[in-house]
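Below: one structure, written as structure tokens.
In order of appearance the chains are A, B, C and D, and numbering begins at 1 in each one.
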Amino acid sequence: MAASNSAREIVLVDCPDDVGLIHRITGVLGAHRLNIESNHEFVDTDARYFFFRAEVMPAAGAAAPESGALAAELVRVLPKAARVRVTRAERRPIVVCATREPHCLGELLLLDAVGDLPGRIVAVVSNHDTLRGLVERFGLPFHHLPHHDPEGRDLPRAAHEEALAGVIDGYAAEYVVLARYMRVLSADFVGRYPDRIVNIHHSFLPAFAGASPYRQAFVRGVKVIGATAHVVTAELDDGPIIAQDVIHVDHTFTPERMAQAGRDVEKLVLAKAVRLVLEERVFLHGRRTVVFG
Amino acid sequence: MAASNSAREIVLVDCPDDVGLIHRITGVLGAHRLNIESNHEFVDTDARYFFFRAEVMPAAGAAAPESGALAAELVRVLPKAARVRVTRAERRPIVVCATREPHCLGELLLLDAVGDLPGRIVAVVSNHDTLRGLVERFGLPFHHLPHHDPEGRDLPRAAHEEALAGVIDGYAAEYVVLARYMRVLSADFVGRYPDRIVNIHHSFLPAFAGASPYRQAFVRGVKVIGATAHVVTAELDDGPIIAQDVIHVDHTFTPERMAQAGRDVEKLVLAKAVRLVLEERVFLHGRRTVVFG
Amino acid sequence: MAASNSAREIVLVDCPDDVGLIHRITGVLGAHRLNIESNHEFVDTDARYFFFRAEVMPAAGAAAPESGALAAELVRVLPKAARVRVTRAERRPIVVCATREPHCLGELLLLDAVGDLPGRIVAVVSNHDTLRGLVERFGLPFHHLPHHDPEGRDLPRAAHEEALAGVIDGYAAEYVVLARYMRVLSADFVGRYPDRIVNIHHSFLPAFAGASPYRQAFVRGVKVIGATAHVVTAELDDGPIIAQDVIHVDHTFTPERMAQAGRDVEKLVLAKAVRLVLEERVFLHGRRTVVFG
Amino acid sequence: MAASNSAREIVLVDCPDDVGLIHRITGVLGAHRLNIESNHEFVDTDARYFFFRAEVMPAAGAAAPESGALAAELVRVLPKAARVRVTRAERRPIVVCATREPHCLGELLLLDAVGDLPGRIVAVVSNHDTLRGLVERFGLPFHHLPHHDPEGRDLPRAAHEEALAGVIDGYAAEYVVLARYMRVLSADFVGRYPDRIVNIHHSFLPAFAGASPYRQAFVRGVKVIGATAHVVTAELDDGPIIAQDVIHVDHTFTPERMAQAGRDVEKLVLAKAVRLVLEERVFLHGRRTVVFG
């Protein structure tokens, strides 16, 4: 289907750096009389890698090219290793997974409800039933996928993940957001949604292992509480970082208020990362991201 | 003089947006076998204006083009209104003007001394003699240009500014940094160094007019103290903004500690702005800047 | 009614500074075998004014004193000008006023719903009907108080404010939060709820007057977007400041994204201020606040 | 020696919490007609520990008590485990230790030179000679204490630390600041200056072990670069935290610019911590600090 004249397309290219890449890309775009409304590009001079993102619109009177055909033309003029995507600028469907904590999920539901999320939540999945009320307030489907059977026996992880994938695929979700989802996902599952799962976790200086992190942060007297949003890879909590921030705390903070600061910074950082991802502003390259903010 | 093969050049272009600008620029660069080491570009879709900055190096074995010739070639392929600059990436000479407060001047002197300033301070000018000791510690020339004659009569502003321009021009300074320089500069003077003078001032929410701003900030109980670095235009304190930041304060801050917070944020923001300007990362467009960070 | 043994009380004192104030206060508290669980005090050495806040609990086995009696005892030992309040630590009822923008209201509704607000929203009032759906999602009463009659004629301000006061008083709300409520309140109305109304507004460096502030911020190329939460006094937008913060923006931000950054920082700063106020952590003194964070 | 009437004293107390501690302290202060100019106190309700800091001045006409006598009186009325210090508010002498990096040392030298450090640097020690020029610019003694003998053989650590202690003690320094001093100090050495040594190190989210941290931060694509200032204990880099902050970075930062951001945040955080320590605003309790900012 050819895009209508009013449609904005996002053109994404990354490949090993070479002479004249922008020249070649803009050549193709210009031949189709596509105006570049905004664009970013970046050369990682260390890795000699090139990243490009543009939002384009047909010039007045010009017909919009078919996305796939445009991508194919770009592939033709670019190095063999180039990854090219041409995709409609639109509110993409996401599934949010949560467990029992409402702060990150609630923030996303609210942004969606008030029109401040450049995507749309199509469903929420949880391994507990705790958050059903919150989700249903927003008129969205809530899927409770317990990780144990009615007799309380743990389900095999594969079965549980199969159910989860069933929901995601049933809604044709393009991204999966783990909003304090406290289940470790298998490499197999992650591999089904490569670069399509976003996670949030708290981050401390110095780092803490083990349980009760805010208790530890309190005992250690930290002065900042941080959060990191990242793309999920097979290494849990260690995928490419999309966004990070911190909130300042001091000795007057109880462990409970440190945890509240943690919730505040987690929801902010997750919301920022989800917005970036939904607008296709995040490129992955090895363990790094290039984020066109 | 042709740049040596080892020389990095900075290419700066801005002009009304048009189809294929990057294509044309990169075409010229490619014809000279110049590798783009880093580049930024931005289209202000509101004003339909295009901004481009690249750092380029001749490819292995390629001869470096002469800067002026390269600029002329670019002008040939670009819209008539295009401004083109091709300039060597090097530590540019700056003159710093101060009055009696040492914090901003000191920060620049220190960054220069330890190699963290992408430029070099060639002289310091002041309308008082207070800061001579600080400047001479760093082995730099200090020019005391009083704004009154030995009998204490105010010099005509034109005479004082003529002396100031004499110092700036004598050192062939490319930028002038007002590091808490408490004299208003005439439109005539500013016009001699268009887009070449950087200033810093404190900024408050809400804004205060009049004297003793930190006293006012204290009385008003503000919770943040800010600073703004900007390009100096004929409208003092109102030129295009390069950088801004704030520091959080609270009710325990006396007016003196608020002033200290103000000094801290002023020196940080000025240092940031000066670094950006020295690396030719700041474009001006009307009342706005485009800053390629 | 005597507080139950499990009840935490908040003791608030402010008065001209004098020798031994803490000594006197803690003497009274100690006589009642009240343990101080947390306390803050501050002397504004400029104004020679003293501020004190403590959370107290009866020691094991001790009976809780009646709040009014405790306050009266404190008054007896303190300077004549002292203001003393003894109040139960509990989730206080608030009414939120909004107009058409949902971001600030939504943040408060969400924090309340997930248990991260140390108070409880008892009703929402608006001069438009736009936000009814959002409020009713959270199961809360929504009062549409249009500022014009069914024929479209503007209601007299007094009549409109009378209706607003009717809602506030009907719910026995202790605080009123203006969450982007776009009506100017009369000095009369403000005087009915002295120090009990909190407002949020955006703040810019430099300040802008007039319409379309984000458009102006864009044209001016600001690098930070701020927000200020303050206590409402007869001078609109100029009451004592409770909290302020900023978000960094740059030239790539359209006016729309600047407005989004503005919404983000407004909701954060308002939520922070409302939490502080609900926990009785904010003292007013002239045009300043003392905030025991 | 009795303090002169004009002298401000700092009173510091910490002990297990108990009923009426402030009452007892202020009773002693009041008996001496000492006005409390500013004070802070804090009860760690978790550890049931009490912290108190006041700046006091004799009331008009009152004689200043002798510091030691005042401390002894306070000890008498306080629990047995109380630590009491009464100390003159003055610019305390510090020795700064550095290795080859000038940024943190330079910041302290500059703040001292311009009067923005509430202490005075009496000497700088380094295990290299690199920073001599910078230090001598500020007219301060520079002690080069190499960690190897003239033949290049490593000195025994004890001998090197003995020399370092000789300098510190020779100047009667009250605090030692490690401004990027790249030698691990022995527990013995640290024990000679308990709670008197301040250190700075960079901090990352996530944490990195091993060499080239900014290279690792670059490869990992972190979005914030942090720094932590802490009191040195036998566990290097893991003592109680005084101050922390971060600077935001992005994919356009080379490892070199990440290192520059790291230098900037290190010098800021160290300067903040040193100011707090010099004003006796930092209490240590177990692995935590209480910082009266």
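By definition in this document, a residue touches a chain if its C-beta (ideal position, glycine included) is under 8 Å from a C-beta of that chain, and two chains touch if they have at least 3 such contacts.
This structure is a prediction, so every number in the text was calculated from the model and none was measured.
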item	value
Maximum centroid distance from chain D, chain identifier (CA atoms)	A
Reference interface A-B: repeating pair among C-D, A-D or B-D with over half of contacts shared	C-D
CA centroid of chain C to CA centroid of chain D, Å	37
Distance from the mean Cα position of chain C to that of chain B, given in whole angstrom	42
Touching two or more other chains - residues of chain D	38, 45, 248, 250, 252, 293
Interfacial residue positions of chain B with respect to chain D in the complex	38, 102-103, 106-107, 109-110, 113-114, 116, 134, 137-139, 252, 260, 263-264, 268, 293
In the complex, chain C residues that touch chain D	19-20, 22-23, 26-27, 30, 33, 35-39, 41, 43, 45, 59, 248
Contact set on chain B toward chain C in their complex	42, 44-46, 203-207, 218-224, 226, 228, 238, 240-246, 248, 250-252, 254-255, 286-291, 293
